[in-house]
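Worksheet: one structure, shown below.
Should a chain be cited, it is by its letter among A, B and C, assigned in written order, with residues numbered from 1 in that chain.
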Amino acid sequence: MRFSELLARLSPGNAAGEPHLAADPELSGAAALDQAGPSQLSFLEAGHSLAAQLAASGAGALLLPSDPALQEQATSAGLAWVALKNPRLGFAEALEALYPARPRPSGIHPSAVVDPSASLGAGVSIAAHVVVGEGTVVGEGSTLHPGVVLYDDVVLAEGCEIHANAVLHPGSRLGRACVVHSNAVVGSEGFGFVPTASGWRKMPQTGLVVLEEGVEVGCGSTIDRPSVGETRIGAGTKIDNLVHIGHGVVTGQGCALAAQVGIAGGARLGNGVILAGQVGLANKAVMGDRSIASSKSGIHGEVAAGEVVSGYPAIPNRLWLRCSAAFNKLPEMARTLRQLSRDAS
Amino acid sequence: MRFSELLARLSPGNAAGEPHLAADPELSGAAALDQAGPSQLSFLEAGHSLAAQLAASGAGALLLPSDPALQEQATSAGLAWVALKNPRLGFAEALEALYPARPRPSGIHPSAVVDPSASLGAGVSIAAHVVVGEGTVVGEGSTLHPGVVLYDDVVLAEGCEIHANAVLHPGSRLGRACVVHSNAVVGSEGFGFVPTASGWRKMPQTGLVVLEEGVEVGCGSTIDRPSVGETRIGAGTKIDNLVHIGHGVVTGQGCALAAQVGIAGGARLGNGVILAGQVGLANKAVMGDRSIASSKSGIHGEVAAGEVVSGYPAIPNRLWLRCSAAFNKLPEMARTLRQLSRDAS
Amino acid sequence: MRFSELLARLSPGNAAGEPHLAADPELSGAAALDQAGPSQLSFLEAGHSLAAQLAASGAGALLLPSDPALQEQATSAGLAWVALKNPRLGFAEALEALYPARPRPSGIHPSAVVDPSASLGAGVSIAAHVVVGEGTVVGEGSTLHPGVVLYDDVVLAEGCEIHANAVLHPGSRLGRACVVHSNAVVGSEGFGFVPTASGWRKMPQTGLVVLEEGVEVGCGSTIDRPSVGETRIGAGTKIDNLVHIGHGVVTGQGCALAAQVGIAGGARLGNGVILAGQVGLANKAVMGDRSIASSKSGIHGEVAAGEVVSGYPAIPNRLWLRCSAAFNKLPEMARTLRQLSRDAS
């Protein structure tokens, strides 16, 4: 596809000026700036670490930010380019155009085992070795990849995609356009046991797991159902791989949970919360709207809206940075203190 | 079911007085105190965070602790209630009565692939797309959900339940009434490699993994077999999701391991040990009977019976709390120290 | 097998002297030194914690290091033994001889669903309920265990082994003799989203995941593909269970990543890097050749070749040990400081 054709596929509102087409190269794909060849598209955004390599880039065409210096470099290097308000967004759109998704086969593979009481919407795609349980509903246009197991009493709205070998348990309720990645588990029994004289006795987990519209659940992640009530993931929340979400957790909309995050039972997240990798939230912890926990931090209690926290137990990020710097000087501090004590005695 | 009928299903030894039946409401389910409606049961225990909401609760009936103040409130609010020695235990029993488990189909689904040399007990339930390997034994009344793979030489005793897409490798030995949740892996090869001049050489992992009676393994958790000998999980131990247990680990009875715990090879746990979320144990670490590691702590060496440890490297919890509080004041401590040094010089 | 026969199966270059055959026992297996019986082989290496138990060992035969004291003890105890330069390596070889791998059935199970456009090498073993997608290549002698899903456009070179219910996504490229353990996921979509006014917008992940020759991926581990370019795991790198590797990560050869390690997008590892359990690497972190991160450490920025780091944020291990020791004394340090301040005022 010519660069000019590709540009016609991008959101018009994102343009920040006329394209500089140079030779209007034919593009067959995309690559990072330092690896792209003449038939590949690349992009830069403000402050991008590869900006210094623009002049030497072999890319065929570039999406650039509104930065005259970069644009001049691109022109000097003989590259075709266009300036966009949000080059990263443009790159996402360009990748979709350059690498169109394969059409998925619609219909039900003969090896799939679908309970007669299940309800399948129009245009569903059910692959080999899928199992669909009693009373389960698969919304219009949803795709179940090979080996997916939907237990009884699962409901998927329209346009969901469930990747290979993922498992959805009874009481799972997925809104429109949810994506569950391979080997993830939704709606499994919460870890609830009552201590008794004869050991741990299981608390039945009879509740629901609700994924609102547009939620994504990463590979191998697990979202448990509660004893009563529901676990709820707000619309548009994105969950990376190997994340654990305990029973009764509720998140707001548009949160992002990075890989290996663990959220214990009953925790509450507001809208737009960001948890970096390997963060842990204790039972009933609360993260206010748009609060952020940096990687590996551990949160008890409540984090206010908009706050950025770090460390374990988590404290405000700025304080933590200073405390961590001081931690690295503890041996000298101890030495100084001993010296002062000796001098004072 | 009427509240009075439900009460007849609870352990008699747990009662702490006569029920206050008011209208003996018809109950169709259960919910948390602040969310329950007139056809729902709820419960409170001593010190429960929802106790303040009792008067305003719309629940139909309540399980209460032996607390006259709470009981009076419930009576004033016109609610039916009963006092129990252990309301949480009563609630677990009530949930089982209110939400009876679906009868599982017995028999072998025609799509299952069972090796002719496998031995299947009476009343087993083997779902679609299950695979049972050579010489494998499935005990009486055990259930294999869809997509489960039992390799060759696996033994399940009676009444085990293996959830969808879980995998059991050769040498797995499960006692009575074990539960393995979806996508868990038991008996996989331990991570054992010998460093050689030409790289890592695999140490064959020929041992067993033994799960004693009543063990539960959470979704996506992995329990490795050792090169020789066995990995052993003591009776009644409960393991949450995404937990890793290395080769040769031995745990006592009745332990509870929360989500994302990692236990390196050869570690030893006594009876009743509790590891909170994201805890890590180093190779050959030892946790004494009823010791507790709080979330995210990391343990080398040995923790004495009954001790509670925190932090990394883990130290006694009380000390850690004081050290952590002091950590947050390190910048001021450093400032004071600089001031004192200046004054002294 | 007689001990003398077994010895003939070990690498001759590893011998460190003539065997002391005593009775040349018949061996049926192997066990740890303190658990072995008369028909079992065991081994010791220099500094092994079980060395003190040699005299009391019931083992039939031993592989020993070049340590005259140990050898004398073994002789006194009437045990057959041989001295090896690397007893652990000899033990690995002996386990292979004592526990020969079961011959895997070659051919394609009738329940497997293989796309007609897929290309299967000679001698492949494709088990029950496997799915092989369009255009996918399975190299000669490779084994796909039950329930494995290979999406379209996956390439396995010769001699790969993919364990039960593992999933390989489009763009996965495996070199010779790679092993992917049960429920692992390779080639899944990287966690890439562009923040927009209407929420997170997916960045298409069109790149490849390349596992070079001899890579092993543990149970439940996930390796993501990038938006463009590739994620690459160097030859001979071994990855334990429940490890997450983000999009665009590149590792060198012969690295070892322990369980529950998480590596964020774009990080770079040199050759021979060792990451202990639960380590986290931030986006674009760099670990130089043969550097080591101890368990639970978190790395931002760059770690030099050969360096050993610990803690979060990670610092040199020796410094961290001293800082951690001082951390445990913070309450007394604070007390001393308060006293000095009082005295000074």
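In this section, a residue touches a chain if its C-beta (ideal position, glycine included) is under 8 Å from a C-beta of that chain, and two chains touch if they have at least 3 such contacts.
A quick note: this is a predicted structure, and the numbers were derived from the prediction, not measured.
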Legend entry - Homomeric contact chain A-chain B: same or different residue positions, threshold half: different
Legend entry - Turning angle required so that chain B lies on chain C, C-alpha fit (0 to 180°, nearest 5): 120
Inset, instruction - Mind checking the centre-to-centre distance between chain A and chain B? Centres are C-alpha means, answer in whole Å. - result: 27
Inset, instruction - Two or more other chains in contact with one residue: find those residues in chain A. - result: 111, 129, 147, 165, 183, 220, 242, 260, 278, 327, 330, 333, 337, 340
Inset, instruction - Sort out for me which residues of chain C touch chain B in the complex. - result: 29-32, 35, 49, 86, 88-89, 91-92, 95-96, 98-99, 102, 109, 111, 127-129, 145-147, 163-165, 181-183, 214, 216, 218-220, 235-236, 238, 240-242, 253-254, 256, 258-260, 277-278, 295-296, 324, 327-328, 330-331, 333-334, 337, 340-341, 344
Inset, instruction - Report the residues of chain B in contact with chain C in the complex, numbered from low to high. - result: 111, 113, 129, 131, 147, 149, 151-152, 165, 167, 169, 183, 185, 188-189, 191, 193-194, 196, 199-204, 206, 220, 222, 224, 227-229, 242, 244, 246, 260, 262, 264, 278, 280, 282, 284, 298, 312-313, 315, 319, 322-323, 326-327, 329-330, 333, 336-337, 340, 343
